[in-house]
Amino acid sequence: MNAIRRALIGAMLVAACGAAVQAAAQEKFIVVASTTSTEQSGLFGYLLPIFTRKTGIQVRVVALGTGQALDVGRRGDADVEFVHDKVAEEKFVAEGYGVARREVMYNDFILIGPKGDPAKVAGGKDIVEAFKKVQAVQAPFVSRGDKSGTHAAELRLWKMAGIDPVVGRGKWYRETGSGMGPSLNTSSSMNGYILADRGTWLNFKNRGELTIVVEGDQRLFNQYGVMLVNPAKHPHVKKDLGQTFIDWIVSDEGQKAIAGYKIGGEQLFFPNAKR
Amino acid sequence: MGTIPLALRQAVDLVSGFDPQLVEIVTLSLEVSFSAVVIATLAGLPLGATIAVARFPGRQGVIVLLNALLGLPAVVIGLLVYLLLSRAGPLGELGILFTPPAMIIAQAILVAPIIAAFSRQAIEDAWREYEEQLNSLGANPFQAALTLLWDCRFSLLTTVLAGFGRAVAEVGTVMIVGGNIDGVTRVMTTAIALETSKGDLPLALGLGIVLMSMVLVLNATAHVVTEAAKRRYG
Amino acid sequence: MRAPASLLPLRLENVTFAAGGRRIIDGISLEIGAGERTVILGPNGAGKSVLMRICHGLLAPTSGRVVWNIRQPASGRRRQAMVFQRPILLRRSALANVTYGLKLAGVERGERQARAHRALERLGLLHLAGRSARVLSGGEQQRLALARAWALEPEVLFLDEPTANLDPTATREIESAIAGIGAAGTKIIMVTHDLGAAKRLADEIVFIHNGRVLERAGAEQFFAGPSSREAAAFIQGELL
């Protein structure tokens, strides 16, 4: 009885370890640190199988906020970074953590708001004016507050409007400290305004009274960049496989694939890799 | 209130359709949590039994610490294991961050205090009853601990099931050390978190219903088996 | 067979035991030899159970010594065995409970089975060998405890109020088994507050009250005419 139990337990442990080792050894893969909004847009589900079919390389995407995604790269836990905060990315390279940065594509942010539109911004083309109007009537505004690319973009717009939203913290300015989806959920439940990326919005199902109120302003464009985590700092980084991914995504084929991704017939991402 | 009936519908559709992604996620959840519980039990039962039976200086402090570890938040454990397994950390060479083995380790750390603390209590209660008789028969503390572990097997099984329930239901550790990678480290709870954050609440809740049903079936089976055994053994 | 030198006589030298500020055993010196069935008799709270546990080694005396005739290694306790007032049995079969004790005593597997079967048979429990010990009746459980102790082939068998919780039928069975074990050569040392049990089983009486030995005599002589006032009162059924 004791012997049988011991044998069973031993067998299970060996099987578990064996499976893990096998899995690790067999596949060619890279770890790409990206953002939750990119993953939730569904782009990866569409794009990566194309890449894997062509190269046999499995792409494992760890989706986090931009701040955390870059931190993962600093620690060497990812091979490639694929985020959308140019300032933070260039700092990453300047600090020596990343190399070979290439611009890949852009999508845009949109201002979401309640159909009731207390700030009267619907249909406008000027995002900074819209922000000023929201603050003027102290309409509820939900911010991600999580150091993400979206959050950074939002803060830049407040700065352009000459407003410090933190003054309104807790009153009309609500920081959730969470991803795009949860923040949209919060906005939906309090009929607040929120800056969101188009991809997450198109996939978002819990809209309530929310709708797009402002879009198309050049300042709302959201640039994506891809970088290899610096192999000089982290020798174990899969630089060849990682570079293959980077090369593919800026190639004609990769750029065409990006443009091919649509939700409800609408293109989400606009490839703009330079030669 | 429309969300909940929708969720129930989703749950039924998912299960009856044998959605392959669902099967993959469920299988991984069970594998990770089951492996974690096995490790935690192998470590926790002897530890709990030893603390229950042995007498040593600082014993009360150890018991308090063990019980306090029950309150350790999963997300804190996840963070600590992440820092350990990160390439920038001491065990980075293993390269197992963002893979299932990392999730198993983290969950084992989460569950081990549960197993140890509760088995310590059960064995200590039994020891009070058995101590004189086992001493009279000449058992040393190690033999006594083993004897009590087997004799208390029914209440210990409940403890192990509680550990499994905790493991399969938690999201804090597996999210951080696993990374919720599609097809690699996505389990039931992280999938639910993802669908929630995407705003697809019926699907999230549907997955939740599937998860809870699985755990319910497991516990019901264990209950039937142990009740039958208890009737036989008293 | 047994080692040539016997465990007995057992000598207690000025043993005291204090707990919670109270002196439970208040200076007992006693020598118990082989042969007769010794019953330690006294009212509740006299310290009988504590005294027995000190003899068996489960408790250490606060002062004084417990000396056996030969030095025992730590595992020598198996040459003595004890049956408690409430039988503590493991969650396994009756047979397994007996072989458990034998395994701890270092008996080999084949002989364990043989001795266990013999013990169960001796106590009339063979038909219950495969039954789980915890579902047996009170009397059957106590008989099993006795079988477990007897299977160890101890030189000395301590019994702490073995029939206190049993009905008359079960009591008879246990007492008859004890008598038989004693007749086969095991030294019986039993603690009880039950006059009837003492009268039926004792060859000699050690009467204890308030942690002291007040009287010691052969059973017949004791019950015919006790020399101490307290013993006389106790036999009359008075509360001491």
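In order of appearance the chains are A, B and C, and numbering begins at 1 in each one.
Please note the rule applied: contacts are C-beta pairs under 8 Å (C-beta built on N, C-alpha and C of every residue); 3 or more make two chains touch, one makes a residue touch a chain.
No experiment lies behind these values; they were computed from the predicted model shown.
Colleague: Any chance you could name the chains that touch chain A and chain C both?
Modeller: Expected: B.
Colleague: Return the chain label for which the distance between chain Cα mean and whole-protein Cα mean is smallest.
Modeller: Central by C-alpha mean position: chain B.
Colleague: Among the chains, which one keeps its Cα centre farthest from the Cα centre of chain A?
Modeller: The chain farthest from chain A, judged by C-alpha centres, is C.
Colleague: Looking at A-B and B-C, which pair shares more C-beta contacts?
Modeller: Comparing A-B with B-C, the pair joined by more C-beta contacts is A-B.
Colleague: Which integer distance in Å separates the CA centroid of chain A from that of chain C?
Modeller: Each chain's C-alpha centroid was found; their separation is 78 Å.
Colleague: Which whole number of Å gives the spacing of the CA centres of chain A and chain B?
Modeller: Here chain A and chain B have centroids separated by 32 Å.
Colleague: From the mean C-alpha coordinate of chain B to that of chain C, what's the distance rounded to whole Å?
Modeller: 46
Colleague: So which bits of chain C are touching at least two other chains?
Modeller: Within chain C, no residue contacts more than one other chain.
Colleague: Spell out the residues on chain B that touch chain C in their complex, using ranges where they run on.
Modeller: Residue list for chain B touching chain C: 129-130, 132-133, 135-139, 143, 147, 150-151, 153, 232-234.
Colleague: Spell out the residues on chain A that touch chain B in their complex, using ranges where they run on.
Modeller: So the residues of chain A in touch with chain B come to 9, 12-13, 16-17, 19-20, 23-24, 31, 36, 40, 44-45, 60-63, 74-77, 178-182, 184-185, 188, 200, 203-207, 234, 236.
Colleague: Please give the residue numbers of chain C that touch chain B in the complex, ascending.
Modeller: Touch list, chain C to chain B: 53, 56, 58, 74-75, 77-78, 81-82, 84, 88, 90-92, 100-101, 104-105, 132-135, 148.
Colleague: For chain B, which residues count as touching chain A in their complex?
Modeller: My answer: residues 31, 35, 38-39, 42, 86-89, 92, 95-101, 104, 179-182, 184, 194, 196-201.
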